[in-house]
């Protein structure tokens, strides 16, 4: 209630206690045909609940994407199969991401696309079947299902050839010399090979996460690499060669990256191992994250790390006491494009 | 995998069975600085999971907002306190909504803003307090909390005066004649009074839902009106006057609206009584909804109506067998502005 | 860490600050073959997160089910179709519930069972169909689906006959005299008729919620009665008779019940109108709830009332500042039987 | 039901079409003071939605816990800090679990308790603070928070000593010979050391997961070991010693366990890497799981693996086409004790 309004009343006995109540009024969001995503994000700022969180996430992302901030980007969940690959590879190429932490599954699916494979729009249940019968049929047809996304299994064979011909041999050589390679060394070689296939064949206009990271000198950490087809293939190749992967070697480099940062930011998509590994890096450095954005669909009430608030990370010393941090609860395939488009509009203009 | 791609391989034994596998590839969303919300929605269409649902929701909304479709708009949840009021009142004024079904709470908060009150950005826990202590303090300070939104309680006193001076007396007169009024008659009178306050005072640039509906001849149905401060006030006023509200009277008019529609669409925000009342209207007509969009955060697994899929409504005959319908799971304060902005861009252009 | 433990360390610089850290250790739950539900609830008390909440809910329920506490029981969601009817009707018969607030849907389904109808175990998708095709088939077969529960539609016809023959005529008579009846009057007559059918026919060993409430003099409030088949039938009957239902009349009685209570407790299953109506009753009395238990699957983050914490209700004056209150997040078909069985074991012993 | 329909039936107009409708009626759960957990589980079987799933989970668990079934138990989430440790260690000791797949965090917290540390009941926000301020205070006081559980940080120092004195040296020796150790070798040595501390000191009546697994010859696989304090400590120790951990070595043994099983069952608590690693083991064997139970709070709609249905796993060949499988949605600290107690009652009787 503005001063003008209150003047309009004779009897002011219902006025709020102004000395203690100094909150901004909610202004109500407006939308217009043709508005930009950045304008939409501004409108979210007038509203409450999740819209307010999303508006704040855009602001923290804008601050985090500054040149002086080292950005650790954590990508869990089925983000590559569900179509979020290009948004992240563009962020890598455009210099917004300094360290990528992700899953073996995302790298597997990223590489399958880099060598010409495709994920497809499918259905949870379809073609005259229960979910169970549907999945039995897909199994017979050689199609793997990820919620409503299909992947023909033959692409795994193509991926196997790619790994055995283009990626693993050089790592095998290094293991014969050094005993083992780090996981980051493996993901870097994967990126090189994925980029090379694309140069050679123009298979894909976007060679993907691993290729973009290789070409931009961005390290990819993948703590649970064995928990993926990429890891299974490395294990099988290692049965008859010297290929061996060191589980712990990467921790020196990621810790150094955190140690050397002027300021550090964590952009966390989904939870799982990538989230925890990104945050725990600060446990062995004297510093902590100055900025943190989290996009998650897990509620805090589970007590699990994936849904845990970023405030909780403060008690562990993973976030600076005065860090800017915000969690947006919702499907990341909706919120990630929204936050990135709006933050980029603020940073790059609309031209 | 295109023909060109497969030519690149000698050994084609990994090709998918083309006669059974004809799904569209996932193309990966792209975002650019300055893109419009409609362009973002197009990009969601390349992706899977929730993004694909959101893209489809824009398409169904575009089809539903056609002139020939009677649109029933169901608004549950704390959508007015959390800043979604203007988006809906603009849709009413611009002719996209034909029937509004909502809660007494949304009408209460809508009217409080129409007469000069404000909701405010607050905190779930704040000012050196646990959530419990914080709420005790707010209680002492006369502030009501709705998650992270604050409402000073004095506005309820202003609202009471408004109802007793501008709204209830004329209804009391009608009850002296007819015994009772319908709920829709009460909400219509509320809209008239809210609009009149705004004309007189220019208190608010947007007189809100009830005023917009009154001015656009859109009926507002509010089945559980007694479950709100608006209902409490009506009850208290009725203790000393003839004001009496008929619980069932509106069902004739809403059923007629469904019966008379060439095509019918349901745009459902949140669940609760508004969702069920909107859908059950079709139980007593020979027809059903041709289009339905649902924005909800409740998972289907609860078995509750609020999270129930729209497919389930088909078994009850509430949706036509071939209806276009889609559910978007996520915070409606994020998804409602997004879907409406994108649908309006498609319908009105970007100019 | 006990004193004995700390003595074991020379260097004590890692000891916690004992003056500020006085929390109970987590003791780890144990389970044994043959343990009682009350023993299981005790074990939950050793654990954290949701288990701790459930343990506390049992304690608050035990306190609330004391003779001196007036218990308002709020039952939303599809609790009758999903098999929770007997647990609640037993609580009514055994004197634990003083006021029941529920939905028209629960009363409709309760009455269908009272007159011999049955809900059935079904499937979300089944019989060689997608969810959509499945629901089209069910529609053709005359079966309504509630998640994984089926209801043959012919029971609605039986219910219609029951209402028109046993329930509505006497209410019609009263309306010819008094103009209208209250909703509680309607639910009471429904309970009488349901009980009478069961005496006559022995149709069902448990005549259900409405019958138990009628026989135990427990009022049933159903604010959104028109949002149900029960309401639709009342409306249709009223088209050709004098039957008219007053939307506001019950508020006097429920407010009096709150006003007259020595102590008051709210046991809230699900959210929706029953939750809000139960809590808002305290807005017009000088007192508030002393005990409150909430079983919900809605996360707080939605900002909606259904998932709102009970602490939030304190800011509105719906709960006493020192009320004992707890929310359990999870499927109420699992948590309701658990909490009630454990609380009854504490109160009644294991005999 | 239209007039035409009812005319078609002479007397049986209310009967369901029996040739197509043969579903079991829902019988309504009953609860009694003093009933056993197994009796409660039987009552869930009468109900629908989640209660029916829980009832089925007890049946599948009973079948899976047969001697002829090799049980892979996947334990993600903060299950040890939140008090679920004893239930799992009892299952190991009593021979119900053949392979354990878990996180480094659970092993870290398990070991901290084994050597005398304790987790404590705490608060999400407490002691006159916002969540953020609260976490800053906890940081200053040296207390780590996991939702509503507290852990004094000094226990990490005790854990470090334990690892450096009792666990790592012998592994260092082996690495000097063999170059590296497997993760399972590390967790086995941890179990030995945890068991030894308890024999020596009687620190804890239950020496925990790792100790029970060591003593029962149950291997523990921990794919993302570096994503934990246990992994951080191993890395730091390896900076000055020969300790090196092979990321891939365990895949041979877990695959052999799957290969050699007569029948295989997966009991999956939470999602994350343990779930995926447990399921993917079947990708490289000609067989798949015959039984699977999943306790999760993640909704399917996220598209993530953690919430993915077990039906989906069928399309990947991770479950046999005719496997018995069920997912229970809810807080695992509530559902795990319930399912285990009921299954053990069925298997062991109530004595």
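A, B, C and D label the chains in the order they appear, each numbered from 1.
What we mean here is this: contacts are C-beta pairs under 8 Å (C-beta built on N, C-alpha and C of every residue); 3 or more make two chains touch, one makes a residue touch a chain.
All of these numbers come straight from a predicted model, not from anything done at the bench.
Across the two interfaces under comparison, C-D and A-D, the one joined by more C-beta contacts turns out to be C-D. Set against the Cα centre of chain B, the chain with the most distant centre is D.
Distance between chain B and chain D, defined via averaged C-alpha coordinates, is recorded as 40 Å. Distance between chain centres (mean CA atoms), chain B to chain C: 26 Å. Between the Cα centres of chain C and chain D there is a gap of 31 Å. Between chain A and chain D the centroid-to-centroid distance comes to 26 Å (mean Cα coordinates, whole Å). Multi-chain contact residues of chain A (touching two or more other chains) are listed as 48-50, 78, 82, 131, 143, 146-149, 299-303, 329, 331, 333.
Within the complex formed with chain C, the residues of chain D that make contact are 1, 6, 13-17, 20-21, 23-38, 40, 43-44, 46-52, 54, 78, 81-87, 90, 113, 116-122, 141-143, 146-150, 152-155, 157-158, 203, 206, 328-331, 333-335, 337-338, 340-341, 344-345, 347-351. Chain contact summary for the complex, chain C toward chain B: residues 76-78, 82, 105, 124, 131-132, 134-136, 138-139, 143-149, 179-180, 183, 223-229, 231-232, 234-236, 238-239, 244-248, 250-252, 270-273, 276-277, 280, 283-284, 297-306, 308-309, 311-317, 321, 331, 333.
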